[in-house]
Every structure is written in C-alpha cells, then in structure tokens.
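Each of the next two complexes has chain A plus one more chain, namely chain B in the first and chain C in the second.
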Partner chain A sequence: MEEATRVVLVEFPKVFGIDLSITNEVVLLWLGAIVTFLLAVAACRGREAATRGRFRNLFEMLVEMVEKEVIGGNANKATRALTPFLLTMFFFILVCNLLGMVPIPGVFKAVTSNINVTAGLAIAVFALTVVAEVSHHGVLGFLGRFMPAGIPRWAGVFLVPIEIASWLVRPLSLAVRLFANMVVGHVLLFVLIGMAVASGWWIVGVLPAAAAVVMSCFELFVCFIQAMVFTLLAGLYLKEAVEGHQATH
Partner chain B sequence: MTAEGLAWIGAGLAIGLAALGTGIGIGMLVSKSVEAAARQPEAIGHIQRLMILGIAFVEALCLYALLISFLLVRKGEGPRAGEGPHKPDVVQEQTAN
Partner chain C sequence: MDLNLDIGLLIWTLITFAGLIAVLSRFAWKPLRRLLDERQDMISSSIEEARAGRDEARKLVLENEEKMRQAREEMHKIVEEGHKLSEEIRGEAREKAGERTAAMIEEARREIERETKKSLEELKATVAGLAVRVSRQVIGENLDEKRHEQIADEFIEKLRKSRDNKRS
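Our next item is the complex of A and B:
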C-alpha cells in the first residue's frame, strides 16, 4: 500500500522549494485535461445534425444532469454564469478518476488519489467562492455571512468562530472526500488482488478474484458519484456565495 | 505494548467506530428518504438529490477517520530501512543565571 507508483520522467531542480520535476502524475494531469477537452469538442461537433449519435446523447445526459442537479431550477443569472466552470470541473474529475481504472500499473494512476491534486481543485473552488461573494456583496456582505440575522449580539461571540471554522473546513472536506474515496477504492482492489494472487493454485483464490471484479464495478460507480458529489457541493457553495445565505435553506 | 502495537490497535478502532456511526447515519438517512419517496413518488427527483448530498456529508466524516487510520498504520509499520527510531527533540539545558 505504501508503494508510490511515482515515475519521474524529467528531473527539474527545486525552484523556491517546489519540486517541478515531471512525474507520471503530471503527465496524467495533462492527459486528463486533454481528454476532457477532446471529449467536449467531439460532443459538440455537428451541432445542427438531425440525428445525434450515442456518444453525443450520453454527453448531453451528463451535462443535463449536472445542470439540473447543481444549478437547479431557480437560479439567477450570476449562478448560471458559473455553469461552464462546474461542467468543466465535473468532466475533468470524472476523466481523471476513470483514467485511474485503466489497469496498467506503472503508467496509469488516479491522479485524484493524490491529495495535492484534490487540494488544488478545492482551493480553486474556494477562491472562486470568495471572489464571487466579495464581488456580489462587497467585503462587508462577505463578513456579514458569519453573523446570521436574528441572532442576539451576545450569542454572536460564540457563533462567529464556529461559522468561520465551518466555512474554512468546506474546501478541506471537498479535497479529503475525493482523495479518500479514490485512495480507498484502489487500496481495496490491491488488497483483494493480492489475496487472489497469494492463494496460488488453490481454488479458494477464486473468491477474492470475484470480489475484485465486483469491487471494480463498484469503483467505476464511485468514480462517477464522487465527481458528481464534488460538483454538487461546489455548486452549492457557489450558489450560496452568489445568492446569499438564505438561498440554500 | 509497544508504540507500534498500540498504533495498530488505534488504527482498527478508528475506522471501526467511525464505520459504526456512519452506518447508523446513512441507514437513517436512506430509510427516511425511501419513506418520503414512497409517500410522494412525483418528488423522487428532489428526494434523490437531497439524499445524495446528505450521504456525501456523512461519508466524509467516515473518511476523515479512515485517514487517521492510515496515519496510524504508517506509524504501526515502524521505521523504514535506513531510518532510526524517532529521537526526541534535544532540549538545550539552560544553565542557571
């Protein structure tokens, strides 16, 4: 479990303490971005075609699902302007998760099982919520979200630190949720396949192998659900930042 | 009762207790949402959305405990080859002045 399949391709010296060498995870991030871009381009080609292919239908189903669940029906214009960001993030996370299910050991790895990648995505969402909230409500409105209306002043002394802490833990929970789900899924598969291999020629080795097949199917489902949940929560936080605290309650 | 042994016990306890709470929480969540969907089948879309959102929050708590369990397993496996045991920080003795 501790073996890090981290293959360094091009070694760079440390720049200000940050290691910029190109590893297989960096190349997989680029691959994820390129595949997402090609996916979107391929799905939008031939916009006026009367008959759409299966891939186009599948892509549109996913886009509709993200739009319906994340944006919701009663969103104002500013929230709708965030749709491209959320769609891009959904497809990027989905593609990165699914690339981790390709079974070539040294080459393919789920980059979202690296906490740095998920933390980067969560920081992007967090920065966008702060920018969106400040640009829509001003700095005073942004500070006013920690002190909900209708609370007596003396209770605010206890409430404001709790609100600040729960606001700061949101990007942390986004990052950790995606990271832990991906890591756990792959660790479980490693353990099961290790058990199947260690049984040797005994017939009982069929059981962990069958369990590994079932867990692989479940892992594909988890890839999809975790991309969905990340986008759903990011959309919820952005909607709350843009429309005010009472919009989500 | 070495530190590594206790770390293994801690790792098991962490994820075990966390899974207990998460199982109860998600079970209650799903049962209530299935009940609500059975009462009003035309709202199944809304209910499903809310249920997935709720499950994500509850499951994240279990995953925090799983991370702690991973850290404890790392401690439980002991020092790697080439590393010595963890040395306590050297505190400079203050001469009395």
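Our next item is the complex of A and C:
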C-alpha cells in the first residue's frame, strides 16, 4: 500500500500567492462530494413507502441519528436551521474517510488525513459559529462570551485571554482530532500490510495479514466515529452560538 | 500524512463543502425532511387512530358490560315478578279452594240437617202411627191426632236424650 502523493493535474497561476491548481487531492475531495451527493439523492428519491430499501433505511437512520444526537429533539427553530449544514458535514466526512479504505494504492486515500482539508472544514464550522452568534446575540453579545457573567472586572485581565484562547483552540482541536485519527489508522494498516508483504514466508506473513483485516474492520468503525465526533462537536459549538453559551454549559 | 500548509487545498475544501451544502439542501435534505415529516405525521396519526380505536373499544366494552348488567337486573326482576305472581296465583287458588271447601262443607251440613230433619219428621210420623196402632191394640181406644203427636214427640225426645247420653 502506497500513500498517494500530491500530483498537480491542472496548473493555475497563483492568486495572491495562493496556488489553486487542481491536484489529485482536490479531485478526491470532489469525488467525495459527488459520492455524498449521489448517495443522498439516491436515498431521497421516490416518495412512496414501498420504494424504501435497506440503503434508504440505513441512510434515514443515520440522518435521524445525527438530528437526534447533534441537534437534539427539543431544539428550537434557529438551531434546526443548522441541520443541513451538520448533515452535509457528517456525510461528507464519512464518505471522505471511507474513500481512504478503497484498496487501490496510489489513487485513493482519505483526504481527511490531510490537515488542510480538516482545517478547511473546521474553519467552516468556526466561521458559521461566529456568524450565528453575532446574528443571534449581536456584536456585544458575541464579545460578552469572553467575559463570563458574575466575574470581578479585574479578573477579566486573566480570564479574557484564556477565554479567547480556548475559543480559538476549538477549530484547531477539531481539525487535528480528525486528521490525527485518520492518519494513525492508515499508518497502522500500512505498517501491518507492509509486514505481511515483506515477510516473504506465508506462515509469518499470515499474522500481520490477519491483524490488517481486523484493523480494517476497526478502521471502518473509526471512519464512522470520527465523522460523528466532528459533527457532534460542530453541533455543540453551533448550538452554543445560537442558544447562548450559558444555556449549553 | 500531509502536514504541509496548502492554502489552495484549504480553499478548495471550503468551496467544495459550501457547494455541497447548497446542492444537498436543494436536492436531498429538503425532500428527505419532507418525507420524514410525512412519515412522522403518518405514524402520529396512526398512533392517534389506534388510541381512538382502543378508546372506542374500551367504551364499547363498558357499554356492553352496562347492557349485560341491565339485562341481568331485568332478568332478576322478571324472575322475581314471576315468583311473586305465582305466589299470588297460588294464594288466590288456595283462598278460592278454601272458600269453595267451606261452602261445600256448609252445603253438606245444611243437607245433613235437612235430611236429619226430614228423617225425624218421617220417624215422627212412623212413631206416631205405631203409637196409634199399639194403643189401639193395648187399650182399645183411638187417640186423637193431638195425642198421637204428643206421644211421638215424647218418643223422639227420649231417642234424642238416649243418643245424647250415648255421645257423652
């Protein structure tokens, strides 16, 4: 198994020093988006209950799980408006994670094992959090989050920087958590398969091969869990921004 | 593992994700939400219907129980009335039979008395006749009618006394 390296497919001139060329990673990103779109549309076609199959049931189950676990059953209208964002986030990350499990070396890899992709997703969450909080509580309300109520003014000197730091670290932790988990799983699989192939003697090679199979199954579970964790935390931050940070503590 | 900063990929991620949200909101989430809501409504209405059906069934059971209770009460009432009526009929019959018996006894008594009286009259005549015949033969004289009757009366009186003595 060989890690796919960055390959520029279509080169564009740099804009303000930013290289927007189409690389294999961008294509994988688009592939993830296309697969997510096709899966979602396939699951949602047909209105009659008779057309429901296992796939649609599974899809609906995942949608309801995200709505129930992330949004919550008793969420208000403003929080419910975040549902499309969070559902897209969950399925996009899940599909991108699972694309890394396709066993075609050098072509497929999980784009979520690239820190730039996870950072992009975390920035999307961060930006939406700021927009939601400012639109629901105003600029002063947004700034007030850094100075908890009931604290003496002099304590603000210490607390405000800590609050700002903890707020800024959220997208960082989101991005790093997903990136690190996806990388670790794939590295472990890479090592196990490498051992199995490199052993040369099948009796010795069978152990790492078996371990690789078990790890692959576990990795599928991790793909799902990481998508869920990312969405859950994004939902938590967004709910906090909409409903007020006192409400969710 | 790719830790190199690639702002281009980051921007492409944001663009792709934003586009995906826009497309999925239009073609997937909205129709899916509508389907899920429709199904939720259908389930809710089915639950409501089932609940209404259960309430209706419970009501019917209660109504049936009430009807059964009323029918049972009615039946008991009818049976009781039947008993009462039969008692009344029996009482009336007994009373009528008593009255008839008493009347028959009275009639019999009167008949006996009449017959007794008649017998006594006949006896009286016979005794009077016998007394006349005996006196004619014994004393050779004819007694007048008044005397005959007196003798007969005395005889009958004796007979009566002897009967009363025997009874006592």
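Annotations for the structure displayed:
The working rule: the second predicted complex is superposed on the first by the 241 of 249 C-alpha atoms of A that agree within 3 Å, B and C clash if a C-alpha of one lies under 4 Å from a C-alpha of the other, contacts with A are read in each partner's own complex, and residues count from 1 in each chain.
As a convention for this text, a residue touches a chain if its C-beta (ideal position, glycine included) is under 8 Å from a C-beta of that chain, and two chains touch if they have at least 3 such contacts.
Just so it is clear, the structure is predicted and the values come from calculations on it, not from any experiment.
Partners chain B and chain C, brought together by superposition on chain A, fit side by side with no clash.
Using the contact criterion defined above for the overlaid structures, shared-chain residue A:A234 touches neither chain B nor chain C, since it reaches no partner.
In the superposed model, chain B and chain C sit 120 degrees apart as seen from the Cα centre of chain A, a figure rounded to the nearest 10. Of the two partner chains, chain C is the only one that A:A33 touches; chain B does not reach it. Contact with chain C, but none with chain B, is seen for A:T83 once the two complexes are overlaid on the shared chain. In the superposed model, more residues of chain A are touched by C than by the other of chain B and chain C.
When the two structures are aligned on the shared chain, A:L99 is found in touch with neither chain B nor chain C. Once the two complexes are overlaid on the shared chain, A:N181 sits against chain B while remaining clear of chain C. Minimum Cα-Cα distance between chain B and chain C in the superposed model: 9 Å. Residues common to the contacts of chain A with chain B and with chain C across the two structures: 183.
If you check the complex, the residues on chain A that touch chain B are 1-2, 69, 173, 176-177, 180-181, 183-184, 225, 228-229, 232-233, 236. Residues 3, 6, 18-21, 23, 25-26, 29-30, 33, 36-37, 40-41, 43-44, 47, 49, 60, 63-64, 83-85, 87-89, 91-92, 113-117, 119-121, 123-124, 183, 187 of chain A are the ones that touch chain C when the two sit in their complex. Chain contact summary for the complex, chain B toward chain A: residues 49, 52-53, 56, 59-60, 63-64, 66-67, 70, 73-74, 77. Interface residues of chain C facing chain A in the complex, by the touch rule stated above, are 1-14, 16-21, 23-25, 27-29, 31-33, 35-36, 39.
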